[in-house]
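For reference, chains read A, B, C, D, E and F in written order, and residue numbers begin at 1 within each chain.
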Amino acid sequence: MGLIGAGGIAENRHIPAYQSLNEDVEITGVQDVNLVRAKEVAEKYAIPHVYEDYLEMLKHVDAVTICTPNKFHESIAVAALNQGIHVLCEKPMAMNAAEGKRMVDAAEKNNRILMIGYHYRFMDAVALAKQSMADVGNPIVTRVQALRQRKVPGWGVFINKQLQGGGSLIDWGCHLLDTALWLVSPSKPVEVNAQTYQRLSKQPNQVNDWGSYDHEAIDVDDHVSAYIRFDDQSTLLFECSWAANIKEDKTHVSISGENGGLSVFPFELYQPKHNRMMETHTNTTEDQQQAGLLQAKNFIDACSGKAQLRSSPQEALQVSKVIDAIYESSNQGKSVFIN
Amino acid sequence: MGLIGAGGIAENRHIPAYQSLNEDVEITGVQDVNLVRAKEVAEKYAIPHVYEDYLEMLKHVDAVTICTPNKFHESIAVAALNQGIHVLCEKPMAMNAAEGKRMVDAAEKNNRILMIGYHYRFMDAVALAKQSMADVGNPIVTRVQALRQRKVPGWGVFINKQLQGGGSLIDWGCHLLDTALWLVSPSKPVEVNAQTYQRLSKQPNQVNDWGSYDHEAIDVDDHVSAYIRFDDQSTLLFECSWAANIKEDKTHVSISGENGGLSVFPFELYQPKHNRMMETHTNTTEDQQQAGLLQAKNFIDACSGKAQLRSSPQEALQVSKVIDAIYESSNQGKSVFIN
Amino acid sequence: MGLIGAGGIAENRHIPAYQSLNEDVEITGVQDVNLVRAKEVAEKYAIPHVYEDYLEMLKHVDAVTICTPNKFHESIAVAALNQGIHVLCEKPMAMNAAEGKRMVDAAEKNNRILMIGYHYRFMDAVALAKQSMADVGNPIVTRVQALRQRKVPGWGVFINKQLQGGGSLIDWGCHLLDTALWLVSPSKPVEVNAQTYQRLSKQPNQVNDWGSYDHEAIDVDDHVSAYIRFDDQSTLLFECSWAANIKEDKTHVSISGENGGLSVFPFELYQPKHNRMMETHTNTTEDQQQAGLLQAKNFIDACSGKAQLRSSPQEALQVSKVIDAIYESSNQGKSVFIN
Amino acid sequence: MGLIGAGGIAENRHIPAYQSLNEDVEITGVQDVNLVRAKEVAEKYAIPHVYEDYLEMLKHVDAVTICTPNKFHESIAVAALNQGIHVLCEKPMAMNAAEGKRMVDAAEKNNRILMIGYHYRFMDAVALAKQSMADVGNPIVTRVQALRQRKVPGWGVFINKQLQGGGSLIDWGCHLLDTALWLVSPSKPVEVNAQTYQRLSKQPNQVNDWGSYDHEAIDVDDHVSAYIRFDDQSTLLFECSWAANIKEDKTHVSISGENGGLSVFPFELYQPKHNRMMETHTNTTEDQQQAGLLQAKNFIDACSGKAQLRSSPQEALQVSKVIDAIYESSNQGKSVFIN
Amino acid sequence: MGLIGAGGIAENRHIPAYQSLNEDVEITGVQDVNLVRAKEVAEKYAIPHVYEDYLEMLKHVDAVTICTPNKFHESIAVAALNQGIHVLCEKPMAMNAAEGKRMVDAAEKNNRILMIGYHYRFMDAVALAKQSMADVGNPIVTRVQALRQRKVPGWGVFINKQLQGGGSLIDWGCHLLDTALWLVSPSKPVEVNAQTYQRLSKQPNQVNDWGSYDHEAIDVDDHVSAYIRFDDQSTLLFECSWAANIKEDKTHVSISGENGGLSVFPFELYQPKHNRMMETHTNTTEDQQQAGLLQAKNFIDACSGKAQLRSSPQEALQVSKVIDAIYESSNQGKSVFIN
Amino acid sequence: MGLIGAGGIAENRHIPAYQSLNEDVEITGVQDVNLVRAKEVAEKYAIPHVYEDYLEMLKHVDAVTICTPNKFHESIAVAALNQGIHVLCEKPMAMNAAEGKRMVDAAEKNNRILMIGYHYRFMDAVALAKQSMADVGNPIVTRVQALRQRKVPGWGVFINKQLQGGGSLIDWGCHLLDTALWLVSPSKPVEVNAQTYQRLSKQPNQVNDWGSYDHEAIDVDDHVSAYIRFDDQSTLLFECSWAANIKEDKTHVSISGENGGLSVFPFELYQPKHNRMMETHTNTTEDQQQAGLLQAKNFIDACSGKAQLRSSPQEALQVSKVIDAIYESSNQGKSVFIN
C-alpha cells in the first residue's frame, strides 16, 4: 500500500487504520510533493520508502490511498488504475462528476477496485439505519443537516476553490449527502433546487472557532441549502454550513417513510405497533476512527476478492452529480435536472 | 359584531376573546346554516340574535368574524365588505389567491378593515422574534417545520378538499408559513419547488391519535415539503404534516442570518459578541388563547382607527400565493415561479 | 345495575364508570347496611332506589356490583348468581380460594357472568404488555414489587383481618399478582415459599403518611415476600408492602423471557435485532379511572353476550390460591405446593 | 508473596495491589502451568522467580495468592496451609462447601491466615452500608440483583463447569451474595428455594457483548433466581444473570429493616426522623481496584498480626453453603434446607 | 374574631384559615375604612357584622386580626389589648421598634395574647430546620437571600413609605430575617452594617413583572444588603430585593454551624458521619396557605391557653430592631450597634 | 527567567507556562533553600542552573518568578527590583499591605515590571465578565463565595500563620476578592466589617478530604465572612472557607447592577431587552492552566514593553488592604475603614 499525500487525513485516519490491519496490509511507501513532510511521516510510522513523485511510487505498489487536494484526485487515480493498481481515494470523488466519470471508466476498463472514502457508511449508526430501511418502507421526506457554528477550517487548502472545487458542501456536506442517498436508494434524484452562500465568511473579523483565515481570499461556499426531488416523488431537504449563526453544531439525517421513520444520529426508529406509535433505540457509536478502520478493511478485502465494496464508485459518482447540480442551480438561480 | 359560522373555532377562540373585550365590543348575533347549533351557541353565551342566513345578519352589524369552511370565505367577506362591514376572517384567507385577491380588492374599494386570522403573529415568542430580526440581519436560510405524529383531524371537514381546498398545508402549515414570511419580510418569495403527499392517510387502519376517518374519502395532503427561493437569494426549507412517522410533534421556525440567528419556539437568539458566540433566551409563552385575544383587540382597534393591523390582507394574500405555488409545483413535479 | 356497598370504591370507581356508559347501563339501586350512607350516595348520583338489605335489591336488578368488605363477597355473590343475576365483585375474589371456588361454581351452575375487579388488566401499559408477550417468548424470571413507603391505610376496615382476610397482600398485592400471572399464563404456579410480616405497623408512633391507626389492633400483614415456581421452571420474585423503609413508592412488574424482556410501568420492551439489543417504548397511561371504565364496559358487554371477559373468574380463583399459599407458607415457615 | 496462576485476575488486581504496598510486601515468585505466561508476567512486573509447579514455589514463600480456576483452589490452599503458608484465595472459595470446609480445617489446624477474595466488602459503599446496619435495625426483606444484559464471558474457562463448578452464580453472584450475607449477619440462612437456567446461552447466534462462545459446549447457569429464608424469618430475594433480556446491567443490594432501610449501589439510607421519612446519601466509589488494594492490605496486616480479617473463611464457607443449596434446590425442583 | 382591614391578605390568608378552623373560631365581624369593601367581603364569606370604625368593632369581639397598612398596626393593637382583646397582627410588627415596644408593653400589661404574623415559622421546611439546629450546633455563618427579579408590587400601598415604613425589607425581607433569627437563637444580633437602594425602581420605563407604578412617587427601598454580627461572633449575610437584575427569583436561608449545616428551601442537612460528609433530605412543602392555617390554629390555641405561641411578640420586636438598624446604618453610611 | 522557590506552584503552573512560551522566554535557573529539590526540578525540566541562595541567582537573570511562602515575597521582590529585575510574584502580594507598599515603591523607583499572580483575571469567564460590565452598569450589590467542604490543605505550609499570614482568606479568598474588585472598579472599598473563624479545624478528628493536619497547631482562619462598602454606596457580601459544613464546594461571583446583572462561574448575563428580562450565556472555560499561560504571556510582553499588565501592582496592593481590613475588623469585633 502506498500513500499519496501525507497530510492530516493520511496521518490521522489512514495510517492508523492500515497499521491496525497489519496482518492484511503493509504500508510500503509515502509520497508528498513536500518531501520533507513525506520523510517526517515515514520516519514517525516506520514506512520504508519515500517519494516526491507519485508516478515513481506507482511502480512499486499494488494499491494506493489518495489524500491530496481534490484537484489531483482524478489524474492520480486514473494513472494508478491504468497501471493495474487498486485505489482508495478520499472524498469527494473529484472536482466534479465529469472527472469522477473518467475515474469510474478507468476502474471498469482495468477491472480494478476504486473506492471513495465515504466512511460514514461504516459508522455504527449509519449501518444500522441502512438495515432498518426495511422497517421504514418507501421514503417520503428525508432531512439532512450538516451545520457547524462558526467553524471555517482556517488551515490547509479548504477555502481555496481552485484546489478543492468548493467549500462546506464538497468537503463536509458530501458525507451526509452520500449517507442519505445510500439510505433512500434505489430512489434516484432527478431535480435539484439550491443556493450557496459566502456571506458570513466574507465579512472581516468574523468569530471563527477553527482558526483565522483571509476573508478576502476565501472563495468557497460557507452555507448551502438545497431541495432534491427523487424519481419516486420523495424529496430531500438539505442544508450544510461551516459558519452558521445557530445554537450549536448539528449533524442530522432523518427519514419519514410509508411504514416508519428513523433518525440516524443517534439511531432511533419510529414505528406503529399494537395500534400505537413506538420508539426504538439502542446504543450506537459515531466513532470516525472505527469507521475509518472498517472502511480500510472493506477496501483491502475487496482488493483480495474477499468482500464487496460497501460504497461503489458508481454511487460516489451519483453524489458528485448531485453536488454539481447544487452548484449549478445556485449559479442559475433556479432548479436544474439531473440526467 | 356578528359571528358567521358557529363551530369550534368560533366558540373556543373568538367568543372568549370578544367577551374578554366587552368594554370595546359586543357580540350581537351568531349565524349558522345549522340553526340548531347557532341557537345553542347563542344561548350558552347570551348572544341576543340568531341567523340562518348571513345576508340577513349583515343588515344588523358593523363587523363580522367569519368561521366557515374555507370555501365560503370569499363570498361572505366580499358581501360584507361591500356593505361597509369590517371583516375578521379565519385563516387561510380563501381557497386560493385568486379568491383572496377579490377580498383585498373589496376591502380597498370599500375602505374597510379586512383581517385574516393568522394569530401566531400575536404569540409572545413570534412577536419577540419579529423584534429581534434587527439583531439577525438579512436572512440567509429559514427553516419551518409544522409536523404532527399521526394526528389527522378526524372530525369536521378537514379532509374534504371541496370545502377546504387542501389539508395539512392550507389548514396548519399556513400559520407557520405566515410566521416565517412575516419574519423575513421584506424578502419576497420568487420560486417554489414542492411536493405534497397522501401516502399514510390513504392506508387502511392507520394509527391516528385524533379520531378515525374514512381513508378512502380523504383527498387532501397529509404531508408537504417545499423549498422557497426569495428575491434576495435567501431560501426557506419547509415541511408540514398531519401524519408523519416521526419521534414527536414539532413546531419549528428558525432563521440563520448575516448578523445572528434565532429560533422561535422557544425564543432563542444566537449572536457574536466579545469575540464569541452567545445565546440569549427568555421566558415566552406560546399561548393560543392569549394570541387570539390580542388579535381580536388589534382588529377592534383597527376598526375604530386606533391601531394598525399587525397582519395586513396583502400579506395574507402573499401567503395564499405561496400555498398556490406549492400545490402547483407538486402537480407539475417541478419548480414554479411566483409572479 | 345495583350497587352493594356504598363506600369509597363504589363512589369513586364504579358509579363514574357506569354513568359514563349510560347508553348501555343504568344504576337503579344502591344498598348499604348503613342506610344513611346509601341514601346520601343515591341522592348525590340520582339513583332511584335505596336498600338496606341486599336480598331485597336482588329482586329488582339483573346485575350487581359488590363493594363490601371481603368477608361478604362470597355469600352475596352466590346469592345473586343463584337468582340469575350477573356479578361484578371487587377484588380480591373472597377471603380465600375455598370461598372463591363456590363463587365460580355458582356462576357456572347458573350460567351467569362473574367478574372479579382486577382492573389493572385494563390499564394501557398492562394490556400492551400482554400483547407483547409474543415478543418476550417463554418467561424465565418475573419480578413483582408493590411497595409503599409508610402508607398503611388508616381509614376503613383495611387493617381488620376478620373482615378482610389479610393486609397488604390481599388488598393491593393481589392486583400485581393477577397482572403477573396473566402475563405469564399459561405457565402455572406450583410451589410457593413466602413470609409475611407485621413488624413496622406493630410499633407505636410509627411515621405513617396515610393517617393514624391503632398499632395494637392491627393484625394483618404490612410486608410480604414470596417466591413462586411455575410448572415450566420459570420463577417469580414477589414483594409487597404498605409500610416499607424504602426510598419511595414503587410498582414494578418485569419479565425476562427467552426472546426478549419487558417492564410494565412504564411499558418498555427489550429485544435483540440486527445483532444488538434494542429498547422500545411508547406513551402509556396507568390511569385507574380509565381502567375502571374499560372494565365496566367489558362486564356489561359480557352480560349482553357482546364480549368475552378479559378477566375470568377461574383466573381470579388462581390468584386466590396463590394468596392462600403465601399465607400458608408463612405460617408453616417453609415452602408449600399448590394443587 | 507468591502468585499461583498468572491470568488476568493476577495481573490486573493482585499484582498492582501488592506493588502499591511495596513497603509491606514483595512478590517474589509467580507460578503458572503455562510457563511462557508465567515468564511473561514475571518479566513485565520484575518478579524474580518463576515456577511451573506450585509445590516448588511453596518451598520459597511465606504467603501465596491463588488465582487458578476454581477446581484447584482446595488442593493448592490445603497444601500451602499445611506447610504453614498464609493463603489469599480468589473467590469463590472452592467448587463447593465440602471442599471449602477442608480449607477452613487446614487453616485452623495450622493456625494460618486463609482469606477468600470477596473484595466487594472493601468497596466504599459496601463498608459504609455495613456501618449503617445499626440504623437499619433487624432486616426484614433483602433484595439482591447482579444482572448483566447479554454478557457471557466468552474468554477463559468461565463456561466450563468441570473447572469452575458453575456459571453466573458461582462466578459473579457469589460477590453480591457474600455482600448481602455480611450485611444481614448474624441472621443465618436456613432454607433456599431456587432455579438455575441456561436458556439464552444455549441458543445459537445469541447477541453477546463479551465475545463469542460455543453455545453447544456451555454447560453452566446463565441466570439464577433464589429465595432465602433466615433463622429470624427475614428473607432474601436473589437474582443473578450473565445474559438476561433486561434494560441495562444492574448491581443492586437493598435492605428494608425494622428501623430503616438502605441501598448499597449507590449508598442511600432511609430513616424516620422528626416524624417524617428522610433520605441520606453521600459520595461513595465502587472502585474495584481500590477495593482490591484494601483487601491486599488487610490480608498482609492479618498475616503479620496487625489486623483482623474483614472477611473470615468461615463466612466464605457460609457463602459456599448457600451456593450449594441454590444448585441443589434447582436440581430437585423444590426448596432445600441448610444445616 | 374580628378582622380589621379587608384587603387581599385578609381575604386570601386569614379568612380561609379561620373558616377551616370553624370548630374553634368564628369570624363575627369585618371592618374597613372603605365600607363598600368591608360589605363585599362580609357578604362573600357570610360574616354577620360590618364596621367602618374599628373601635366600634372592639366592643363586640374577644380577638382581632389586624390587616391594615403598617402605619396603623400600633394604635389598633394597643387599643385592642387595652380592652382585653387578643391580637394577631400581620407582619411587620409596626413601622419601627419603638412602636413595637409599646405593643409588647400593652400585651404584657393586659396579659393578653399578641402574635405577629411571621407565618414562615409554620412552613414545613422552616419548622424542620428549627428542629435540626441540634444537628447543626452553634451557627458560624448564616446566609439569607430574598430576591425577586423585577417584581415591585405595583398595586396597594407597598411603595408608599408614609404608610408602610419601607419597601422590600420591611415587607418581604422581614419574613426571612425572622426565620433566620429564630433558627440561630439564642444568638443575639449586636452590630449591623447595611445599605438600602432605590436605583432600579426610580428609573422610568423599567421592566416590571408585577404591574406598573409611578417611578417618581416610589420612595422605598427596592434592594437591601446587610451584615449582622451576633454576640457569639457568628455572622449573617443578608440581601433582599424586589427588583434585582438576577437570573431568577430566589428565597434562600442556609447556616453553616460547628457540627453541621443546613439549607431551608428545600430542606437539606449536611453532617459528618462514619468519617465522611453526608447529605440528608426529605419532602417538605413551602405552602403559604398551610402555614397560615397552622399559624391561625396556634393563635387560637394560645388565646384559649391550650398552646404557647411559636412566635412571641418579643421575638418580633427583635426583628423590628434589626430592621431599624439596617435603615439607620444605611442612612449613616456605616455600621451601627443594637442595644 | 529565574524561578525562586521550587515547590508545587512553580512546577505545576509556572514552568509549563514558560516552556509553552519558549520562543519568548527561557528558564535559565531555579533556586530553592532545599537544594535537593531545586536540582530535582532543574533536571526534570532541563533548567541549566541551580541556586541555593536567591541573591546569587539575581546576578544572572533579567526576570524572576517568586514562588516562596508569603513571608519572603517582599524581601525577595524588593531585592530583585532594586537590581533592575522584573518580578512576577505569586499571590497574595505579601503578608500585609505595608509590605506590599514597599514592593510597589521598589517597582516604581526602579521602573521595573511587578506583577502579582492573580491569574483568575486571565480565566475566560472572568475576562468576559470584565468586558460585560458595560452592560451591567454601576454595581449595586456584589456577592463572592469561595467555599470548600472540608478541604483544609493538609500539606505544605498553608496552616502556618508565621509563614503565610493567614489561611483560607489570604490563600484562596484573595483570588475571588481580586476578581470582584477588578470587576467593580473604579468603585473603591471604604469600610469593612468582618469575622474570621477557626472553629471546625480546631476540633480533633474532623472529616477532612485534603489530608490530615495537626488540629492543635493550625492557627489560621478556616472560614471568613465580610461586608465591604464602596465609595459609591455599592456593597459586597463576601464569604470564603476551607472547611464549611455545606452541600458542596462553590465558587461564586455575581453582580447586580443598575442596567443588568452577571454571574461569572459560569458566565451569564441578565438584561432587560424588548421589555422583558433576558439571559445570555456562552461556553467559557475556567481552566487554571490556560489562565496561568496567559498570565505568563502578559508578564513577558509587559517586560518587553509589548503589552500593559492586566493586573497592576497597585491593584494587588488594594486587595492586600482589604485583606488587612478583614483581619483587623475581626480582631476588633467591629467595622473598620480603609484609608
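Just so we're on the same page, a contact is a pair of C-beta atoms (placed from the backbone, for glycine too) under 8 Å apart; a residue touches a chain by one contact, two chains touch by 3 or more.
Just so we're clear, the structure is a prediction, and the values are computed from it rather than from any experiment.
Visitor: If you walk from chain to touching chain, how few steps can bring you from chain E to chain F?
Guide: Minimum step count, chain E to chain F: 1.
Visitor: With a step meaning a move to a chain it touches, how many steps does the shortest path from chain B to chain F take?
Guide: The distance in steps between these two chains is 1.
Visitor: Let me spell it out: compute each chain's centre from its C-alpha atoms, then which one is farthest from chain E's centre?
Guide: A
Visitor: Would you mind checking which chain's C-alpha centre is most distant from the centre of chain B?
Guide: D
Visitor: Of the pairs B-F, A-B or A-C, which has an interface that repeats that of E-F (more than half of the contact pairs shared)?
Guide: Overlap exceeds half of the contact pairs only for A-B.
Visitor: Rotation angle for the CA superposition of chain A on chain D, to the nearest 5°?
Guide: The two chains, chain A and chain D, differ by a rotation of 120 degrees.
Visitor: So the centre of each chain is just the mean of its C-alpha atoms; given that, what is the distance between chain C and chain D in Å?
Guide: So the centre of chain C lies 42 Å away from the centre of chain D.
Visitor: CA centre of chain B versus CA centre of chain E: separation in Å?
Guide: 51
Visitor: Please output the residue numbers of chain D that touch at least 2 other chains, ranges allowed.
Guide: Only 276-277, 279 qualify.
Visitor: Considering only which chains touch which, how would you classify the arrangement: line, ring, star, complete or other?
Guide: The chain contacts form a single closed ring, each chain touching exactly two others.
Visitor: Reading around the ring from chain D and passing chain E first, what chain order results?
Guide: D, E, F, B, A, C
Visitor: In the complex of these two chains, what residues of chain C are touching chain A?
Guide: So the residues of chain C touching chain A come out as 128, 131-132, 273-274, 276-283.
Visitor: Could you pull out which chain A residues touch chain B in their complex?
Guide: By the definition above, chain A touches chain B via 136, 138, 140-141, 143, 149-150, 191, 193, 195, 197, 199-200, 203, 206-207, 223, 225-227, 229, 233-235, 237, 239, 241, 244-247, 254, 256-261, 263, 268, 270-272, 275-277, 279, 333-335.
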